[in-house]
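For reference, chains read A, B and C in written order, and residue numbers begin at 1 within each chain.
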Amino acid sequence: MKNKKEIIKSYLINFIAIALMFVILMIATDAGLINRYVRGILMTIFINIILAISLNLTTGFLGQIALGHAGFMSIGAYSAALFVKYAQDTMGITLLQENGLTSAGLGFFLLSLLIGGGIAAVFGLIVGIPALRLKGDYLAIITLGFGEIIRSLIEYFPFTGGAQGLKKIPKLASSLNVVYIIMIVCVVIMFAFVRSRHGRAITAIREDDIASEASGIPNTHYKVMAFTIAAFFAGVAGGIYAQYLGVLGASSFGFMKSIDILVMVVLGGMGSLTGSILSAVGLTALPEMLRSFSDYRMLIYSVVLIIVMIFKPSGLLGTYEFSLTRLIDRIVHPGKHKKASTMKKEGAEIE
Amino acid sequence: MSNIDTTPVLKTEHLGITFGGLKAVEDFNISIAPNELVGLIGPNGAGKTTVFNLLTGVYQPTEGRIELDGQEMKDKKPHQMAKAGIARTFQNIRLFKNLTVLGNVKVAFNQNMKYGIFQAILRTGGYWREEEEIDQKARELLSVFNMQDAADKIACNLPYGQQRKLEIARALATNPKILLLDEPAAGMNPTETAELMEAIRIIRDKFNIAILLIEHDMSLVMSICERIVVIDYGMIIAKGTPKEVANNPKVIGAYLGE
Amino acid sequence: MELFIKQVITGIQVGSVYALVALGYTMVYGIVKLINFAHGDFIMVGGYMAVFSIPLLMNAGLPAWLCILAAVAVCTIIGIATEKIAYKPLRGAPSLSVLITAIAMSLFLENLALILFSSSPRPVNNIFNMPPVTIGNIQFSGVTVITIVFSVIIMIGLQIFIKSTRMGKAMRAVSEDGQAAILMGISTNRTISLTFAIGSGLAGVAAVMYCSAYPQVQPYMGSMLGLKAFIAAVLGGIGNIPGAMLGGIIIGLVESMTKGYISTQLADAVVFGILILVLLVKPTGILGKNVGEKV
């Protein structure tokens, strides 16, 4: 372990970077630089970051492919949406006023995300306990199956709005700043989790599940834990999504959505949270910037995926984590880190 | 040396397992005293690794019982066996290849750590204390094997001999009462083997544990084990000191193929 | 009663198509341990081949059902090409990478079709001009009979091929132990190509059968169809040819019964429910055999 001073230094650097981005975001909003269009892209980026890092926990760190992530997202989305709708329509609480959220609105927004995440986590647990007895291809297929079942049930039951979808959801995810902070909190939690004994255990299962069990790791327990936590954050992302759009349709949470998230995780690097963040930003922003490219988006994704799988199967960053502290260090003391950087290549962060 | 008065650290009675009608191990009785170094030998396919798999909970025995320190081990999964105090290594090395050397060892400390998910996320005092403690312990353990300098290397980049040692270090990190070594010298050259055998003896004394060792190379087992158990076709055919076993006609027959 | 019989017949018909598709999955999985996600999309390709070849055949004064040749030929080529380009470089790679590649291949075919043929569905001309068959007071369409008969013939033929020909034996050998098969002088590459060729060829047949029952083609038609056929393969026991037939018919029946008696919307959920149940209770499927992992 690094010494205390270094740890505090790196926490501080990251905190300053996060705060700086927040200030930039606030200034840009105040200056009116962020129009509806840019706001939409940023919002989608924040949501996708949460989705990608959460799926990375199961696919990257645990090493199990899950194809039903959109299912958990939809559960969070519908739970949160129904909750705030109930609060507004039935309980008659004023959540929104002309210039944005009321303080009750903010409270209910945060609460709705916890509820959405919580219910998604419960489903994650229910799905995970039986599903995680399987691995590899079979686990992929069974999670795909669960995702499709969830989608069909949402379309079937009337209280979710059925096939017509759920409309008039209070748009509580109106403030970019609030969503930014929520996203940061999710990322920080995920980092803290991954770099703990629990994260280490989960990574050990990916590396060799027989050896991990023999080293005293209760594999099933940790697999279910990873799956449940991933479902929780997918639910939170879904909650934000629902209250940003204001309308929900079950068809937007199909297999393709799960694949979309998977592409981000795989390209960014399976086992690299910073990789997921970078690819979530890139894969959300790029197609938007190149409008004419949007028809070819999935086609290009698929080709890139195949190429990456053939030449760099662990994704672009692999398990490498980008570190701001290391970067600054290298700029300040050039040369000093040459040797360390080659040694620290992969996995060094999860020791 | 073994002492008859103490409770055996590991004892099996009539242990056996059947795979679809085939008796892979049958009526396996063994009693290992604390701090004893026992060899388990036998020809290829005799069922040595199956015995290990039974003792570590990978397979559930179809007959008989296992006692660890006088406590019956029933329906235990591998991680529960590890927690109870039986650690093992594998014939074909199984390391966490993409983790660091230090990380490999730290994983095995997991079962004796207490901080929960929320303490990890909130980075409470408990988190820091325990992480610092195991960091230190893991490094100490590595230094026993003279590997402290390799702590930050990725495990799969280690030379073969060190990978074997790392696997033993990881097994020791679970704080076992008995260590099962499955052909630890396989694939090593004579110098490395001699070094390893010396290390095994040191481990036994330093950590004060019993060791059960599978090895193919008779001469090696003979030189370090106090007692040897020979199995063939899943059954014990001889037990005793190296000398006794070496002169046993059954053993000679099993190896030479009568 | 009439509804019941009608649903049974529809079920068996759809089930036969699933069975044909499931064969492709099962053969490929048996031999390279790969869920070929793109297999469902081969059906879509076959469907478009039917759409385009039928007018040409009609103009030439030939019967429409000859489109089956075009569908089979193109599907076979695409199957072999997919294997060579995307899957072969990954042989021996971790199953995660292989699975992702298969998904990517499926996405590729779907989106290529989307760009080439647009998302709007295209109608398929009448392929088989068959009078309806009447037994008692129940009427079947001719297509139903053809589909069922065809599937059964193919199934039996395939079974004979696998059990008694040289190539079939090679396929079984590679599926049991690829390394050992190489040592026995079997060319794994050729055998795998052959497996893909047969599997995708069958997808071509299935495509024409499917289109004669549901005469419409669109880029995503293969994905759900493929998934259900895959479920059929898992249900019957992956790697097992009679299992694929059995699984296909069961899935077809369950689906059609759910549509008839419970709800059309829930049909997919019920089929996936069955998959989950099978995987949890007997992951090797009805006719599959158990294999454990070596420690």
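The criterion applied here is as follows: a contact is a pair of C-beta atoms (placed from the backbone, for glycine too) under 8 Å apart; a residue touches a chain by one contact, two chains touch by 3 or more.
If you're wondering where the values come from, they're calculated on a predicted model, not measured in any experiment.
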| item | value |
| --- | --- |
| Chain nearest the overall Cα centroid | A |
| Most distant chain from subunit B by Cα centroid | C |
| Rounded Å distance, subunit A centre to subunit C centre (Cα mean) | 35 |
| Where subunit B and subunit C are represented by their mean Cα positions, the distance between them in whole Å | 49 |
| Averaged-CA centre spacing for the pair subunit B and subunit A, given as whole angstrom | 41 |
| Set of subunit A residues in contact with two or more other chains | 210 |
| Set of subunit B residues in contact with two or more other chains | 58, 90 |
| Touching two or more other chains - residue numbers and ranges from subunit C | 295 |
| Of subunit A, residues touching subunit B in the complex | 1, 189, 192-193, 196-201, 203-204, 207-208, 210-219, 225, 229, 319, 343-348, 350-351 |
| Residues of subunit A that touch subunit C when the two form their complex | 59, 63, 65, 130-131, 133-134, 136-138, 140-142, 144-146, 148-149, 152-153, 155-156, 163, 210, 255, 259, 262, 266, 270, 295-296, 298-299, 301-303, 305-306, 309-310, 313 |
| List of subunit B residues in touch with subunit A within their complex | 56, 58, 77-79, 82-83, 87-88, 90, 94-100, 102-103, 106-111, 113, 115, 117, 120-123, 127, 130-132, 135, 152-154, 170-171, 173-174 |
| Residue ranges of subunit C in contact with subunit A within the complex | 33, 35, 86, 89-90, 93-101, 103-105, 107-108, 110-112, 114-115, 223, 227, 230-231, 234, 263, 265-266, 268-269, 272-273, 275-276, 279-280, 283, 293, 295 |
